[in-house]
Structures are given as structure tokens and as C-alpha cells.
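Below are two complexes that have chain A in common, paired first with chain B and then with chain C.
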Partner chain A sequence: MTVMDEKTLRSIIEEVVNEFAGGAPRGGTAVATAPSVSSASGSLRISEDGPAERGINPREVVIALAPGFGGRMTSTLIDLDHGDVLRELCAGIEEEGLSYRFIRVFRTADVGFIAHEAAKLSGSGIGIGIQSRGTTVIHQKDLPPLSNLELFSQAPLIDLDTFRAIGKNAAKYAKGESPSPVPVRNDQMARPKYQAIAALWHIKETQLCDAAKKTQALRVEYR
Partner chain B sequence: MRSKRFEALDARPVSQDGYVTEWPEVGLIAMNSPNDPKPSIRIEGGVVTELDGKKRADFDMIDTFIADYGIRLDNAERVCATDSLELARKLVDFNVPRAEVVALTTAMTPAKITEVVGTMTVLEMMMAVTKMRARKSPANQAHVTNLKDNMVQIAADAAEAALRGFAELETTVGIARYAPFNAIALMVGAQVGRPGILTQCAVEEATELNLGMRGFTAYAETVSVYGTEPVFMDGDDTPWSKAFLASCYASRGLKMRFTSGTGSEVQMGYAEGKSMLYLEARCLYITKAAGSQGIQNGSVSCVGVPAAVPGGIRAILAENLIATALDLECASSNDQTFTHSDLRRVARSLMQFVPGTDFICSGYSATPNYDNMFAGSNWDADDYDDWVIIQRDLKVDGGLVPVLEDDVVAARNKAAKVIQALFRELGLTEVTDAEVEAATYARGSQDMPDRNVVEDLKAAEDLLKRGLTGVDIVKALARAGYDDVAKSVFGMLKQRVAGDYLHTSAILTGDFAVISAVNEPNDYRGPQTGYQISDEKWAQLQAIRQAISPESV
Partner chain C sequence: MTLIAGIDIGNATTEVALAEASAGAAPAFVASSIVPTTGIKGTAQNTQGVFAALTQALDAAGRPLADLGLIRINEAAPVIGDVAMETISETVITESTMIGHNPTTPGGLGIGVGTTVPVDDLPRLSPGTPYVVVADRGHGFEQVAAAINAASERLDITGVILQRDDGVLVHNRLTRKVPIVDEVALIDKVPIGMPAAIEVADVGRIIETLANPYGIATLFGLDPDETASVVPMARSLVGNRSAVVIKTPAGDVTERRIPSGSLQFVGERSAEVDVDLGAEEIMRVAGSVGEIRNIKGEPGTNVGGMMEKVRVVMGRLTDRDPGGIEVTDLLAVDTQVPQAVTGGLAGEFHLEAAVGIAAMVRADKLQMQRIATEMTEQLGIAVEVGGVEADMAVRGALTTPGSSVPIAILDMGAGSTDAAVLRAGQQPRSIHLAGAGNMVTLLIQSELGLETSEDAENVKRYPLARVETLFNIRHEDGTVQFFDEPLPPHTFARTVVLHPEGMIPLPLRQPLEVIRQVRIRAKERVFVTNALRALRAVSPTASVRDIAHVVLVGGSALDFEIPQLVTRALAEYRVVAGRANIRGTQGPRNAVATGLVLAWEGSR
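Then we have the complex of A and B:
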């Protein structure tokens, strides 16, 4: 059985078709700005709070969300609620006694660049970038954008425990420690099952990019 | 009530795969899209003023790059005006020599070549690939990685893969900071298995170049190009920056090929409504324009996308064909999982296995797939016997040879011991006797003891800071008493100075002689021409360990 039934898939496709028919400009530059408030289905409530600033607190980790995360999209590829994902990341950071701050990147949906933006704005130089589908990177400001400290490239394999471990490790890097990387997982059948669907997901996310919009600070609340 | 037959069908592996219907408006279509541009070219005063229906003023950066550097203009207008069907027939017809076809294809526009191959069946494309492959003899490439980034296992797996016949080996990392260890283990292990094996470590571009400049790798392959401007921009790149990177490798005497493939643009969300094959054709002209000798293509890591739409596997063969027709080395993918079905994965690979390409897989997983850090290959170590027996069934040289267990165990053991000694000599982390023993007999990393990852990463970082290079490895191997391996690694470093292996489709023999499209060009002209399996090679391909000889009964 495919993971996603035909009906769900069709509805995603129709939604994207409608967005196209609605006159979204082609060519990857500006598209409508992501809405600031998540859909009613989750308890997560995200609002923008002006352009994101560079932090000076060496005991913080910055978490950067892709354009659609917790907004137009509400769950990862394996249906983890975005609110739960953020809760686990934060819990992992808090366990290490550090604080966190949220930003949203608009100019790209590439998780490497999103995570690098987080790292550059982070007082500790450590950031986490996360896409709507769940792909996550821990980054450090002095590394090249497409390198990383830890990369979790297979979104279908990232469960809530892994998100907590990611938060914890990011905090440890921020404290100058050298943690054991979160064990890498690998499922060679993730691609046959998910790749075409992940493509639809990413098409939606890139349509929310806005090359002209500065990275925004975010307020994240749970209702 | 459900049909018991349909219940059984639903439970089959093929029904686990994801499929989607065509959606041309966003580019979710393999080839022959109604939105693909019609071929056209206009040249005024030696400058292309119109390309595939677009005026020069409307060119994006990819159009400009291709128009200025990617097409042989002297003949371009005439070729564009020639009937595509007539050109397709010349591609298939073995009476038309390869060189004559290359003169035509390299004068085509991206839309023209897409239209030409769009008229062909997969059988016709396979005939064309047989003729158009640049190097006379086919070869194969393997992935050597593992879930734990265990470098002792990488060395052992590399030695075994070399023994099994692979001409190139590629590694990557689970954790990026392991890159130097993995690259060194792959190179040294490969040379233990068979001198002259080319190795690479696919990581972030600057790191990859650094590893190459130090002499830890012999070539690079993951220099990605894309068919639309926004996808390039997403990676902070342009065709010019990729061409610059290509020249960096060339200037250091390192072999290099680009990577591209159908489905990447739609996967990245910016296909501009064009078919996957048309966008891939643009990538191949960028590759040609940048002066790269070759390409890894065939959808590669995006294979799940074309494989999910109608005709996707045909499009993948079509893109390999375009690469060969542009006189590029073609490492033809067959390297990434796209299906749960054993039938589908074999059918997909026969498209390149039967005609033969420069590297049929790029690569074949030299470990069980659970250890494949490219997210799984279409073929893995558990399929070794299937591959060599299919070669024997069809009398096809797919780049591998049957091997004996004792030989494999001996090669693995030596590679593990060499890494143990090398790490000691270089003052890196300890490799225990238990690890050497485990790597000798391991199927995969589940059979390997855990290492102290934090200590390893510190040592790997320190190695880079100390400025170690390939020469230090040669010296350390010699000090450790492994003169033969030291000599082989030194032989690889000398290639970098000579530079002969930068020619199209180059691989090295066990004596470090270059075999390429220059000194052994494909001269296929029908039956009993081109690459022929020698009697000696055929005897080798027949000798599978499972066969019972009449004398023994």
C-alpha cells in the first residue's frame, strides 16, 4: 500500500494546481508571502515580529523555519504535527539549559541555507533549519552553507524522539561541547515510497518563497 | 467483499511504490510535453540571436551560456532544419559512424535533441547507446559507505569492490566531519584490492575540492547542474561558477564530471512547466559548454520522480543517450532505489546493462543497502551473484567478475590491517585487532563494533589542520612495511601530474595505463565490431562458484 491514499494525493495536487491557476508568478522569485498564522487544525500559532536580529546571547540556539512550516503546511511528510515537532526541538534545547529563538526564512526553501541563516543570526553561532516535510540540519556559522554539523536528510525517518535529540545536540554544540551525533538512520525504501510526494511538498514550499522579504523574527505560541 | 486476487496483488512489492499521474503544467511529465519549446536557432554575425523559440533579449542565464559556448554553430541552422526523424535514424543506424553523428548532435539545440530522441523506442535508444558510448569498453562504479562511517569497513569493502571489477569507487559520509577518514580509507582500501582504481568522496563542494587537492581522492562527480535558473540560484550557483569549479579540478590534475538528471527541477519546485527530459537536455549542454569531460546522469537521486510518471524509465535512458551523443563520458546512474519490486529494478537497469555505458551503475552499492548512505542503490552487495549470473546468462560484460570467498576474505583482511597500520603511523585514532577481524568477515556495519565517534571526529579535524596530504600517506604506508600499497597510492598521485586520465571516459588498468575515449574510442559498426568479450574474459565471466562441472559428478 502506498502511504498516501489517492484521495489525499489528489487533493494536494488540486491545491497546487489551484495555486498555479491563481496566477502565482513563474520563475521562482516573489510569490505570496506565507501567512503568519497556522491553520486552525493545530494548536500552533506563529506570528511575525519584524526583521530577525543577530543575537548576542551565547547561550541560545536559533531555529529557522522554512516558508511553509507551521503555516500553510501543518505536519511533516509522516504526519507529525509541526507544533509537536517544535515542542520536541525546544525541549531538547531546554534540557541542556539553553534558550531558543525562532525565525522564518523567505528567500529560499533550501534547508542548508535556512539552517545557515539560523546559525549566522544565533548568538552561539549554532542554528537549526527545518523544512515543512521534516528535513532538518544543525548548522554552525563558520561552515560553508552546504556543509553542516548534522544533516537529517530522510524526512520520513525523523520521529519526535529524533527531533528532541536534534535540539539537545544543537544545544551541546552551542555550549562548545562535542556531542556524539544523533545516530544516522537510513531506509533505502523511503525514496520509492515518498520521493514523488516529497516533490509535491517542496513545490508548495518553494511557491511560498519571497526573494525580496527579509528573514523575520517569530512569536510561537500554543493555544 | 474483496477479490482475493486483488488482495494478493495489493500486497505485492510493486504496489508499495508511489505513482502519480502526469501534470504537465508544473513539469511533472517525463518527456514529450506539450509545453516543451519548438526547436529553433538563428545565428547573426556568429552570435546566436534566437534559441528554441526565444529571442536573445529574453534569454535566461542558461540560454546565454548554452548559446555562447554549448553548440557547434557552423552547422547548427542546417541541422535544426533537418527532419528530426531522419536524425533519429542516423543515431540508431550502425552504418552511420559515431563521429558523423557527433558532428550532428553537437550542433543541435536542447529542444532539437529532445525532439530527436523523443521519436525513439527504448530498443532503438539502446542500439544508439551501444554506438554512441564514448569508451569502447563498458565499466562499472560502486558506492562504498556505511551507516557508522566506520573507516575500517570502508577500506575492506573498497578492497573487495576492486577485486570484483569496479573501475571507480565513490564514498560519502553520514556525518560530514568524517569525510577525510572515509576518503583516505576508500583510496587505500581500493589500492589494496587492485592498483589503479579511481576513488572519490562526495561531500560539500569546497570540502570535496580540498580532499582532492590533498591527494585523498582521484576524481569528483557531484558537481550538480540544473535546467532552470531558480534551481541554480537556490544553490547560490550559476553555470559560470560550475565551470570555474570544473577548471579548479582540471588545474590540479583531478578527473571530474558533472551530475544532473531528470526530475531534479520539479523536485526542487522550479520546473517552469517543462518536461523533465527537456530540462535535462539543457543540463547536458551546460556540461558540454563548461568543458566537463563527462556527466553522471540518469535521474540519479531524483529517480523516484520520473519513475512515478508514465514513460519515466524511457526518459532516463533517453537522457543517457543524449549524454553519449554529445560525446560526454556517461556514468549512467542505476544507483538509487526507486522501487520495492525486484522485477522493476532489473527492467530499469537492462536499459544500460545491455548496451553498456562508461559506468553502468554510478554506483552499485558495495554494501548491503542498509549501509548505503546515498539512501540506497538499485543494486547492492546482496545482489552480487545475481549481477554476475545475469552477465553469464546474456554474455554481457557488466563490469563485474565472479570472485572466490577466500580471495575476498584475504583482500578485506589486508585492507583492514593496512588501515590499522596507517592510522597508527599518522597518529590518528586506534584501530583494534577486533575491528580488523570484524571488517574481514563483515557483511555490513551491523557486524562492526562501535567506534568512539567524538575521538574520531577530533582526529579527522586535526588531520586537516596538520595539513596532511597523499604524500604523507605514501610515507606512512612505507614506514608500516606496506611497500606495495605505498607504491600504488604513489602511482595514483603521479596520475595527477601526468594528467592523461583527464581525457574523456578515462579509467586506469592495474598497471596505471589509461583507457579512454581517446586511445580506445568506441568503433561499433554492427555485429562483431566495437567492444567484444575476449575468450579469456568470457572464461572468467563463466566461472561462477555455484556451477557444477561435469567432471565433478
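Then we have the complex of A and C:
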């Protein structure tokens, strides 16, 4: 596991402090056009494609990104490239024979609500919500927003294999199969070690929210 | 007027019947109670449970402990049951000749035959022979697909074996489609440069060629002797959706019988039987020696160890020398247990033959007297041991509305199945047999491969359902039930047991119908077998047909389907069987406790 080095940490802290001190939030509307992210399979490019619509395809799983994912932020807490994360989620879904669709939620940074939005728009009723730091939820449209099918709350412990398994399980739920929940490691040290960074991360993500902006459909490309 | 408590200490529960009794009048029952038995039946730990049950009944009647004039406990028809499982066959793969697991998502369709090669060697290979590509987890699906696509113009590639769960992903990216088997955990052990055959069947289908010895012979050009040697391999691939067979010079798949030792029955005659001959043979031999006095396992073998363990546990609990403990009955049941295949490359499981054994120990007759003495000291109330358990059960069962002498009872408990027959003017005849509710739990647990006996207990006790959406479930009989509120998320898309306190999801992949069949078969093999065995033993003519009425009592008679299974089986012998309703209010519970109170008058 890559641990964030001091320099990166410092730069994040400075950025957040600046934003607080500077007062005015950046830009009136959040824009999610990403600077290019380099990854093994080319750089991730995410662009908006109009308001997200409710799907009718029962074979799809909708993946909802938090405001900063693959945009202002480019990797998770443990430095996994956002492009690689999405690639593994999609591979997990494709391996089960289903299709996927991306949306971005702007009105909240809460991963439960993001995932629930995905589930409500998904033709299968199953959605995945993911925050920039890596926290992920599998949701079902009939559940209350704060409930979930599977929650991966400890972002520092989610590696690429786990993301693949999350995509796979979401697809299995969509097919009406009963997957065993994805095994998650537990590490008591993850909390003290990452809590401060995770909080900063969340503040950043929250600042990118825009209560007035509708959920957008996304085009995700690797160039 | 005396307040009397009849207390029945059973393998699973301790039951109390509380009654006002006065000379010359029928006792008036005022309260009943039931609590789980503490410790093993017939041991000193029981007193805690007895005290709890007694308090519960007295509270319900609103009477203080001081009012109690007499306690009568059962003479613990001195049986203690224990269950164990012994696997008697195992499948062994030598030299990695076969991959027979069932990945949920293999890729492609059909059959491919070729020589195994690592994916990295593709650019160096010369065309002319067909190849089966082997790729480990170091190669991503895009990389594997690109390498195969690049080579497929030049080479004849007929199949792919993958370590990661990438079958469909690679398949979607191939220009020329081939069958793909994925999730092969120990891919390093796949022999390279050997002829291999891959078969993947369509969704919902099973492979046909590799599960057929002649199919394998056709693909590899085997002679008759070699064909005979692939029979175990073909057999162990039956029912799979995908498989790989690799032809190595000395590779083989064998089914080995595990020598598990022999059992020796000592009765009016003596006889010995090998455990690996299976349950039917064991039970036949058990029935041939007359009344069994003791059963021994062959020392130094698995079954010997098992019987020894029963003796040691019982010895410790009853504070006696293990050597002096006699096993007086045994029920053997054939079963199948999922076991990891030795030498398997992908963590294959195979259903192996096993024998489940319930053993019963004749405990010390003095044991109950000792408990009685101890209770008298603790409570300061007279405690007496009253009558044989089966006789008491008959007396209790006769309080069922509509029953009369002659009567037979079948007491189906947790540890043992007991039967007794009472005819007018005769002493009751009774028998105790090993194998009851606990044995059913063991069979369910091992056949479904459940990790905890708690899950197995739940499967045994409650009906199943499938959660189809968060608002509806489908019951095991096919009916649909809707809910206004969403069900808890952890039950979504799962097979659940309908526990009264809420649905419990099962950690199982098997379809609901399979789980249901395992449950029903386990109950039939224990309770129907034992019902017939017991009734035969107490029938005056040794034939089940000569018993007209059978009343079912005991905890297992409360089960939602065991009484029906037994009723149906006994109907074939023209025997009327049904669940008791003790005192018209207690259902099949409390028979012995009630009988103990009723017997008090007779005993004075």
C-alpha cells in the first residue's frame, strides 16, 4: 500500500486552507472536466453529457461519481489512480455479462446518497456510488438512502482487486443472484492513520458540491 | 392437597408440569414450563435448568417455592446421544490432469483441443499445431486478449486457461472466439507442452464431451485400456459447466476408499462390520446380533477414535471410567459431504461418501438418584425418582383427547428416539434408539457444507423462502408474499429461513429446492428409519403393522414437517399416527412431566 508522502499531504492542506482563507469558492458552477490522469491504459477523460436519465435496461449497473472524482481529485487516499479504479469496477460488471453507465452527482458528497441516486436511475435498480477518497457503496433503489447492500467505508483498505469484486457483486445483485459480500480487510490503524487526511479530502469534495446542479450523465474515455 | 411438580430432564429441554393433587381425585394441573436443559442429560449440571423451569412454572401459577410438597423427576431412561461424521471416500488428482471446478462466468462456448503454452511464448511459436493458452494473474485481460489477437492470424489457438476471473472480459475482446476456463487458482501447476482439452457449455447447460469417457477417448485418441482409466475423471466432471482435461504420461484421477476401521457389535451374538461398506450394511449387521450390549470401534482407526471420544466425553460427564461406558445403540446414515479434491488446481470440491453415526450410551441408573439427592439438599423439598421414562410418556400421552389403550408412543427428542407400547393389563414395553434431532442437524450441516451448526439448526426448524425483491418473497411452495416496508438489505436476493424473529439469510449458493431436499431427506433418514426401527422392536409380533395407533411426542414432534413425514411413512403400514396433544393444551410437549404427576397417585 502506498502511503501518501508528506509533500502531497502538505499540498492538500495548503490548498484547503487557501480555499478557506480566500473565501470565495472557485467558480459559480462546479465543472467536472478533468485534467488528464495518466494510467496504465491511457489517461482518464470524463466529460458531461447532459442531465442523467432513468435507465430502462435491466442489464445495467449505474456508477455514480462524487463531485471531485476523476476531476479535481485524480487518485484515492492510497494513491490508486481513479482511471484504474473505474476500469476495475467496469471489468467486474462486464465479467458478469452486464453493462454499465456513469453519472455524476453534484448536490451531495455523501456516498450513501450518491449511490442511492445511481440505484434510482439504474435500469436494474442497482447502483454503485464512489467518492474521490475511495469510499464505495452498493445500493438498491428500494432501500432507504442511509441503508445499503454493501458498504466499503475504510477507503485506505480498498485495493484494485476489491474494486473488481465490488463491480462483480453489484452485477450479481442486478442479476438477482446472491453473492457473498466482498471480503474487506479490517485494520484498526487505518482510522488513526488516515482520519485527518480523509476529513480534508471530504471537505474538498464537499466544496465541489453544487446544490443547484442536476445529476449529469458522463462520458468516460481513456486517451 | 399437595402441590406436585413433575420434571422431565431431556437431552434438549427440561419440562415441568405443576399440579394440585389430593387423594382420590384426579390431579388438577395449574402450570407448565419449558427451558433448555443445562449440561448433558443425567448429569449434575442439570439442576440449574431444573431450578429455572421450576421457578417459571411456580411464577406462572403465582405460588411460592415453599408451597411445593413433592418433586418427581424421570428415571432418565438412561440414554445420552452423541453424533459424529466419518468421510469414507476421497478423490485424488495426480499430476494435475484435470480442472473440474465451476467458475460462475467462463468465456466462450464449445470444445478446444491443443497443446498448453504460456501466453508469453505466443510470439515465438511456430504454426501447424493447435495451442491452448495459459495466463497467470500477472497478465491483465487486455494484455491477454491483445497477445492472442496478435497471434491468432498466424497460430491456431483453440482455448484459454486463466488464473484471474477474466473469462468473459477476454472473450469480449477476442477477434476469434474460443472456450475459456478461468479462476484456476494454482495455474502454476498446469503442465506446459501437454495435450489439453477445454469444454465450456452454454449458460444453464452442462458439459457433455469431457464428462463422457468415450468423448475424452475421441479427443485424445485413447486406446481401450486408457479409456478405462479416464472413467473416474469423466465421472467427477459430470454436472460441471466447464472443464479442462490435460493428458500427462502418468496423470490420473482416482477415488480412494479411506480405511476407516470396523465396528464390533456385542450382543446375544457378536458381529463385525467395516464402516466403509456404508450405512445399510452397518444397520443390517446391527440388527443381526439381538439386543446390543456394547459397540466397539477398531482401535487405531477413525471409527475407533470416534467411539473412544464418545466414551471419554460420557465418562467425564457422568464421572465414570470411560472404559466401563457401554454404547448400546447406533444409527448409521449414508451421506455426502463436499470435500476439497486432493491435487485439484482450482480448489475443486467433490461430494464424497460419508457415514454419519449417532451413538447412544447407557448411563448410570444411580445418576438420577444422585441428582435427586442433590436437589433435595438445595431446595429442601422431597425429590423422588419416579418410573421409567417411556412409561411416564405413555401415561402423559394418554391425556391426548381421543386416545385410548392400547397405545404406542413415539418420543422423538433431540438425542434419542424412544418408543413404548401399552396394552390393557400389561406392563409397557419400551426401547431407546440413537439418532434424533441432533443427527438431522449434523446431516444438514455436513451435506450443505455449513460452517456453523446454528445455521443448520435454523434450516432444520424453519421453512425457506427466496427474497426476490425488497418487497416480496417467494415461499418454498411457490407462493408469493408482499410487504409494505422494504425488507432488511442483508436479505436481498438471498435464500432465507423464516425464523419467527425475522428472516435469516443463508450463506449458501445452492438453489432453494436443493436445500429443501437435503432438509427433508435428512429428516426422513433419521426419523422415518428410527420410527420403523422402534415400532418393530416394541410391537408384540415384531411387525409394524400390528400397532394400530401411534401418538407422536417430544420436541421433534413440534417440527413443521417431521410429524407429516412419519405419518405418511407409517400410513403405508396402515398405522394411524398423529401428533399428541397432552392434556388437550400442551401439544406434543410435557408428556413425561405430566405422566410423572399422574403416576404419583398410582405409586402411593
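Just so it is clear, the second predicted complex is superposed on the first by the 196 of 223 C-alpha atoms of A that agree within 3 Å, B and C clash if a C-alpha of one lies under 4 Å from a C-alpha of the other, contacts with A are read in each partner's own complex, and residues count from 1 in each chain.
The criterion applied here is as follows: contacts are C-beta pairs under 8 Å (C-beta built on N, C-alpha and C of every residue); 3 or more make two chains touch, one makes a residue touch a chain.
Fair warning: this is a prediction, and the values are worked out from it, not measured in the lab.
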| item | value |
| --- | --- |
| Combined model on chain A where chain B meets chain C, clash or fit | clash |
| First, second, both or neither for A:206, with chain B first and chain C second | first |
| Touching partner for A:149 - first (chain B), second (chain C), both, neither | both |
| Partner chain(s) touched by A:191 [first = chain B, second = chain C, both, neither] | first |
| Touched partner set for A:160, first chain B, second chain C, both or neither | neither |
| Which superposed partner A:180 touches (first chain B, second chain C, both, neither) | both |
| First, second, both or neither for A:217, with chain B first and chain C second | neither |
| First, second, both or neither for A:80, with chain B first and chain C second | neither |
| Touched partner set for A:97, first chain B, second chain C, both or neither | second |
| Chain A: partner with more touched residues, chain B or chain C | B |
| Part of chain B, among the options 40-48, 454-462 or 490-498, whose backbone runs into chain C after overlay | 454-462 |
| Intersection of chain A interface sets (partners chain B, chain C) | 144, 147-149, 178, 180 |
| Of chain C, residues touching chain A in the complex | 104-105, 140-142, 165-169, 172, 468-471, 486, 489, 492-495, 505, 507, 509 |
| Chain A-facing residues of chain B, complex | 10, 15-20, 23, 25-26, 28, 147, 174-177, 203-207, 228-231, 233-236, 263, 266-270, 272-273, 301-305, 307-309, 336-340, 369-373, 375-377, 453-454, 457-458 |
| Residue ranges of chain A in contact with chain C within the complex | 40-41, 91, 94-97, 140, 142-144, 147-149, 164, 168, 172-173, 176-178, 180 |
| Chain B-touching residues of chain A, taken from the complex the two chains share | 1-4, 9, 13, 16-17, 20, 26-29, 108-110, 113, 144-151, 153-154, 178-181, 184, 186-200, 202-207 |
